[in-house]
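This report refers to the structure that appears directly beneath it.
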């Protein structure tokens, strides 16, 4: 029983990482119709940023960890900002080209990281309490999982509050329906695009910082591996639906971990793809997606 | 129609036109939708753009608003605006009531209105709810669940939240039941007493009732431009240019 | 046959002949190849470039001609490659039965994979193809079904037929790769000239309209995708022979993106453009690392060395620049030049010659 | 046209009919209990104010949009809910309010795709397209008929608005449709081109014997061509009959004009 709980929590942690990427991608897609392939690289870059902060400490303190997280969030945001302004915006209205340009950017960033820091994983030092476990119902749960799940929960609540309570949330929800009409009400939609893209980058950045604590290390290719699972989350949840992405993240993370542990290591990753194919055949628009979204 | 009209806020000299368009060209895909449209609105008046389907009426409005690629000169209040972005143009004091209403279906009435609030200006909710008391009761309702007429009210209400120099109104009566049309026209009449309006309309009767100044478009060009009573009096050309609507008013 | 047509066939024939005699040329070409042209190392590099060209042509059939942007081509190339090695290594089957069986299975995979992915269109299709390919990549990396995990699998001793085995026979392998390109190119070039090929191009331009004039768009898309993916699996078979085995490099996201990049680099909707892009890509990818350790580069300051040692950095930058400034790819330079030349010569629009395929026209993909 | 009609059509029989068609989208009742029969060889025009549901009716009749309730019959066969390509093959062709063409392809290629649609089979489809195959011939004939046959290798995107309308007609003809639905064929056509296009539509209807349903705003075009006129208002068919009857109908007058203001 306690093992089972351990696996579930571990799966939730994994799902949290997927969600951090998928949530940003989902809002970006909803508002701008852009699918960013560069967000995996944003995640890796932010992971390296947190590694730069933490590598000099043997066992960093909690404030130092927080600093590293802040730095990785800011790194993700900054890289995303440059990407939006320099590459995505000039190709406005050309969906395929925008997608391809993010593919190119992802390649360039990963190659750059591999060139500077080498292709191998770099260990990220963690505060002692993070490597400890907390006993929940008899199961020794790693604190890094709990931190990840907790922060992902904060992000979920935060996104919902922003979308439902703030003016920017209003603009985003309206822009998803018809961004031209939003600008015809006197609102600078271009700036909203940039903000959303940057916010997505910051979420990837947070994911990068946390992935370091989850896996204990960072490599240039970490983000791309996670990006694909986030894409699967997006399709299963329904493109453009945050709640769909949340549900799909949890389902995927947990079932992946359970299958990997109980059936065969690695089979969970394949199972996820089987789930994807099944979703496509039964309900192509995803759990909470709208049909016309995909056309 | 009332002779004296005042700007919502003190405009420039009443003699000049608030919006003037010269040699406007626009393409949709490969087809040349606007082929050199030129006109100027008269101050404190309702200018109606008439013409058959597909002659470029909506494209003219969308070009003015920067929602469509175009070439030519568009001046608002003496200022060249064709290089500005849509939101910048709107903030100069324009409001847009689009064809097909285009309210945000997933948002509530209150949220639709809140979105139309402009930074630094106080929204005039009293005026809006006075004109459309029904909207006050439906504040929490999702716009997508309302009827066409109610959505049209909301669309208009969004434009009335602030005082504007010019309102661009695209086919406000399209698809409304006859009873609603007359109601709506009455409301519009109230509004036009305070604001200049550039109105696109298919319904000739509505145009007759509201417009002071009429521009008739045909095949992407202005073919008639003059005081409403003069232009609309010329039955033969109106019938030719507007097709069906005029035919039927005849019969 | 028109004059320009004859010219084109002549040039293509000449190119094939030149490529075919390369294994007899004992010359060095600077540092471009690892050794003289006919050295086994050089021939293997050339063979890999040819296989890449063939794979890019197959993707262009579905992407450039039918408007189906697949980010999962590695699934099919990889499957063909792995299936060939694993099945041939089975003593009961051997190479002679292993290859045909691998191709049969590839057709099945292509049918099932595309039937699922084509439930979505546009970006959804892209993501679905990508995700399915990734499923395969994971399976391969984890070593399921005897795929050998991260090291991959090689042909067991004595499995490959003698003429294709060993360093001395690299030229035979090279010729096999050349034959692959020719076969794939000819098949695709003929296909796009058929009725079905024309319908594909109609779908690329306007799927709704195609449906309304009486075509089962889904069936036609299935046909294009299945043919494309089956041919891609064939490229995988030859890849396995060239490399003497299969490795996860051919199954991953990176390879899928690489094929897309080749097609976009060269010019979508132009078969030879895709091949050109692939040759260029594969050359840079294989040769840049060794070039970057040459004296010219090591003499540079470190800040320049890092990017230059990473082929993907340069390729990615080139890719971004092409997308931003030359959406038609490299082929568009040529088509623009030839168009200018023909319009000058003729002075008026070309005569109709029976619905020429769109190979010379600007592709129009996203509508 | 050399193309044989897809289905044997008996004169006087009902070619196309909508039965109690309702269409509700997002809670809006777009079509309300519309029933309409179009006899084989007939020319029916549908008029009505903007937003009355005319285009929606065309969409439902051409099975592009499935109705919320009600049935569509083509030559007596229930085609409700069938995929559009199957219905197109049974002889139904349509044009769109805004030209819907393969803009990057030549005129001949546009017509060819249409001509080949009906007997397209993947099996026979893998034959090379030739200058003189029957399909291409049919496409050329259709282009000739609408007067676009002179330079068939132009790209569709190079055409003027009026010419695009003609190309759409050519595609419907090449398709071998025996029932054609025209959605505002005069929309965006310059005044000078209207008479020629009207003449063309008349020829198509009379000489080719095509059953035609047309939505159109130009009243004189409607009166010129239609044998019967249906009037739509608020999603309902409020009157249908011969032109003179419709002109004289009071209900129609009020509906069209709204209440007197």
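Each chain carries a letter (A, B, C and D) given by its place in the written order, and its residues are counted from 1.
Throughout what follows, contacts are C-beta pairs under 8 Å (C-beta built on N, C-alpha and C of every residue); 3 or more make two chains touch, one makes a residue touch a chain.
The chain lineup, named per UniProt: A, C = Branched-chain amino acid ABC transporter permease; B, D = ABC transporter ATP-binding protein.
Small disclaimer: the values here were computed from a predicted structure and weren't measured.
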Set of chains whose contacts include both chain C and chain A: none
Comparison of C-D and B-D (more C-beta pairs in contact): C-D
Reference chain D; chain at largest CA-centroid distance: A
Computed distance of Cα centres, chain D from chain B, in Å: 33
Separation of chain A from chain B, taking each centre as the mean of its C-alpha atoms, in whole Å: 44
Interchain centroid distance [CA atoms averaged], chain B/chain C, Å: 54
Residues of chain B whose C-beta touches two or more other chains: 105
Contacts with 2+ other chains: residues of chain D: 103
Set of all touching chain pairs, with the criterion as stated earlier: A-B, A-C, B-D, C-D
Residues of chain C defined as touching chain D within the complex: 190-191, 193-199, 201-202, 205-206, 208-217, 219-220, 223, 349-355, 358, 361-362, 364
Of all residues in chain A, those that touch chain B in their complex: 167, 170-171, 173-174, 176-178, 180-190
Parts of chain A lying in touch with chain C, wherever the complex brings them together: 29, 33, 35, 87, 90-91, 94-97, 99-101, 103-108, 110-112, 114-116, 224, 228, 231-232, 234-235, 239, 265-267, 269-270, 272-274, 276-277, 280-281, 284, 294-295
Touching residues on chain B, where the partner in the complex is chain D: 29-33, 52-55, 105, 144-145, 148, 171, 173-175, 177-179, 181-182, 185, 202-203, 205-206, 208-209, 218-219, 240, 243-245, 247-249, 251
In the complex, chain D residues that touch chain C: 62, 64, 83-86, 88-89, 93-94, 100-106, 108-109, 112-114, 116-118, 120, 122, 124-132, 135-136, 151-154, 171, 175
